[in-house]
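See the structures that follow.
You will see chain A twice below: alongside chain B first, and alongside chain C after that.
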Partner chain A sequence: MTNAITGFYPPNKGSIYLDGKDITGTAPHKVATLGVARTFQNLALFNGMSVLENILLGRHIHMKPGVFPTALYWWLARPEEMRNREVVEEVIEFLQLESIRNELVDGIPIGLKKRVELARALVAEPHLLILDEPMAGMNQEEKGYMARFILDARAERGISVLLIEHHMDVITGICDRMLALNYGEMIASGLPKEVVKDPRVVDAYIGGAHG
Partner chain B sequence: MDLILLAELAVNGVLTGLLYSLFAIGLVLIYKASSVPNLSQGGLTMAGAYVVLALAHDMGLPLWVAIPLAAVVMFVFGMGIERVALRRLAGRPVVMILMMTLGIDIFLRGTTLAIWGGTSRSVDLGVSYEPLFVGDILVSRIHLLGAAVAILLFVVFVLFFRTRLGIRLRAIADDYMASWSVGISVERGVGLSWGLASIVAVSAGIIWGEIQGVDQSLSLLLLKGLTVAVLGGLDSIFGAVLAGIILGIIENVGSAYLDPFVGGGSRDLIMAAVLILTVMLRPHGLFGRTDIERV
Partner chain C sequence: MFYRLSGVHHNSYVSESRLYRIPADRNLALFFLALGLVAPLLVGSLYLNSYLLPWLVWTAAALGLNLVTGWAGQLHLGYAAVMAVGAYSAVHAAKFGIPWEFALLIGGISASVVGSLFAFAALRVKGLYLALTTLAMQFVMDWVLTHSPAISGGSHASLQAPTFALLGQPITSDIGLYYIAFSWCLLVTVFMLNLRRTGLGRALVAVREKDYAAAILGVNSFYYKIVAFATSSFIGGVSGAVLVATFFFLAAPEQFSVTVSIQVLAMVIVGGLGSTIGTFFGVALILLAPGVVNGIVAKGAIALGLQLNVETLAHIPTATYGALIIIILMVEPLGLGKLYGNIRDYLMVWPFDQLKR
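Right after this comes the complex of A and B.
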């Protein structure tokens, strides 16, 4: 589903609406410019670049590409650059990444990589943030941190968050609405507390334990 | 063998090596953006030289107009290759893209043969064939010019990869998925790398065309250029320059010592040995990223 919304693979059927606009089949890089940012289940950071460079690339859609403005009219490009840096610095501080900002992303632990990916998504200032299993491979403490970051991001920035997650405690803890999928079919939706009790959901996840 | 001769062999080796680098920089540009060794870089180089000839000799334009114009034509042509031939192969196995670039190379050789025939032609840059004396050492002027162009392009591209546009290309080289997710058009980036590599091909084509004449054999430069690029690490422009210099020296000095024993042809043997040993012992080259071997 994530890949359908973000344009990586067009859906087999149905349409995708974003803020009332049909975006079915839009190229992935264009979806990003429409205000959709995402993280990946298996991480997709730019290896060989520093944490800071990775986050700056998330700011890409707000930067004008011009070689000429930067080369010839650097005084024109400067206010824009300052604004970009401000946003980036603020997100780095928010996600507590100051201490590793200049390290290569290749070498940092997975919990931090997930956080860098979240930072890269946040600096784009998206309307919709899609988090594909942000807690995968994390221990309880790291999960707690991540949950706090997600809640704060939503509260302070007014971002809609679409969270894909298997950890039921996380979902019931931080989500407003829940939608359960089983092999691409929706099997339940509603308040998380109710959905997790739905017999079909229990069935799909625990595999007919009470059957 | 006396020292002056050895020095002369080494210096000329460096210059020739930088001419290989000039060619290899084009390979590296495309590899950096799409992780594909472009087997049509030789064909592009030859085509670049033919376009300069067509504009300068057939249409009578002065060289200072013909060369930039050829660069523009080839830039558009390179972008066109990505658009027409490669975009539809995105996501297919790399070997398919590799075969496509080989096909383009053969196509270019055939097309130039059909239009301009197989007779060797000369670019005539107006550079004197009189060798230049640097101390006691003889050097060729055209080699010197080519080496200067190689170094200039090296500096330009190192700076380019620090601009925003350059950083985008680096991001694309790193991870397509991640690039899309931050709003970078991977297709346009790969196209740009083909365009830039085609401009490099024009400069290599002019210099090499001046040295050995313009005909279809110009595309065989690919073999030496590929050896240089692999030794340098395929995705490192600095690696391509350094590997060119190293290979140039080994080839020039080595062949001077070996040729009397093997009766010529030792240049190709040295090249082959370097390529095979690099792939066996250090597949990521001197400066390439270590994860290249996994690709």
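Right after this comes the complex of A and C.
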């Protein structure tokens, strides 16, 4: 479903609406300019660049990079770079990434990588933020941090968040509405605490416990 | 007094985004810049024009290839063809009476047009297939050059370049030509250094590392690949033209053959993909090492009183040179640029270990 919204795979049937506009089949790089940002289940940071540079890439749609700004950096590119750097620093502070901003992303722990990816998605100032298993491979403490960051991002920035998760504690803890899918088919939707009790959801996700 | 910096501290984003964040790096760069400026006073015209000048021009050319192969991650085996387009169009323009400064520009632009037109077709495939497609471009260009007398002046002919001139002043002195090469190399180097801190550089790395993740951030990877090809072709085209104008003085098809393409690629790989300083080292090694090794072997044979026959004398340097490349890439697969970085990092903190970057 994520890949359909972000334009990687066109849907087999049905269409996708964003803010009332049909975006079915739009190329991924254009979907980004419409205010959709996402993170990946299996991290997709750019190795060989620092945390700061990775997050700055999130500002891409708000910048106009090109050959001439690069050649005439001092006159054409610097003001833009500095403006965007300020936005990035705000998010870095928000996600408490100050101490690692100049580290290469290759070498930081996975919990932080996930946070950098969230930062990269946030600096794009999206309307819709899609988080694909942001808690995968995290320990309880890191999960707690991440949940707090997601809630704060939503509260402070007014972003709609689409969260894909299978950690029931996280979902019931921070989600407003829940939609359960089983092999691409909707099996339940509604308030999280009701959905997790739905027998079909229990059957598909938790399994077996038919008292 | 001898002292070490205790960490690097910046007070503004502007100061943190300088090309050289550490004074030692900046001073070293300024020192070499000054050395380059006064080089004509320090070395004889033989060294100046047969070693330094080609080194600078080839470095500019290799930096252009580094943009497409190192930064954007697209293997390019047809770079000499692009240089040929630039060289031939500039020479023809100059023969037509257009001033050289515009002729160089025409060379760059036509190379850029040919390069990006080709990239439009070639970029539909990736990786090794792209490499093969660019190789095809090289062969097409070779064929066009040798089969169209209107461009090359005939199959085994060469095209005499008109005397180089700037603002109507003919430049014939060795020193003048050296400064032309020096300025061009400086321009390209500054561009490549700027790439490290602009959105363009970041977008290119993003395309190289993970194109799906780049797309989700709004980076149109096809567009940036084309930009990389166009820019690198422009640099290659002007470098080819400068090479002909200041070093070869005539243009011939074999100056831009497939061997040259592979040699420039070797310069980039030995120097380090994506590394600017590494490219300088890489070009020095590929371009100048054969001559140096040759000299050492010849002198060594005489000093030791060995009677080596001509063939052995010719083969030993080639073998040594090949072995040198293999050894360097085994010691540091990321090339001479990384090797330099390692040594620099070590010396920077010696004998302490507090300062990183």
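Definition applied: the second predicted complex is superposed on the first by the 194 of 211 C-alpha atoms of A that agree within 3 Å, B and C clash if a C-alpha of one lies under 4 Å from a C-alpha of the other, contacts with A are read in each partner's own complex, and residues count from 1 in each chain.
We take it that a contact is a pair of C-beta atoms (placed from the backbone, for glycine too) under 8 Å apart; a residue touches a chain by one contact, two chains touch by 3 or more.
Everything quoted here is computed from the prediction, not taken from an experiment.
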Have a look at where A:86 lands relative to chain B and chain C in the superposition and call it first, second, both or neither.
second
Of the partners chain B and chain C, which touch A:53 in the superposed model: first, second, both, neither?
both
Greater chain A contact set [chain C / chain B]
C
Who does A:155 touch here: chain B (first), chain C (second), both, or neither?
neither
Please work out whether A:29 is in contact with chain B alone, chain C alone, both, or neither, and reply first, second, both or neither.
both
Touch check for A:102: first (chain B), second (chain C), both, or neither?
second
Share the list of chain A residues that count as touching for chain B in one structure and for chain C in the other.
6-8, 27-30, 32-33, 37-38, 40, 44-49, 53, 57-58, 60-61, 63, 65-67, 70-71, 120, 124
Enumerate the contact residues on chain A facing chain B in the complex.
6-8, 27-30, 32-33, 37-38, 40, 44-49, 53, 57-58, 60-61, 63, 65-67, 70-71, 120-121, 124
Contacts from chain C onto chain A in the complex sit at residues 13-14, 17, 191, 194-195, 197-203, 205-206, 209-210, 212-221, 227, 230-231, 274, 357
Within their complex, state which residues of chain B touch chain A.
163-165, 167-168, 170-171, 174-175, 177-186, 289, 291
Where on chain A is chain C touching in the complex?
6-8, 27-33, 37-38, 40, 44-49, 53, 56-61, 63-67, 69-71, 73, 77-78, 80-82, 85-86, 89, 102, 120, 124
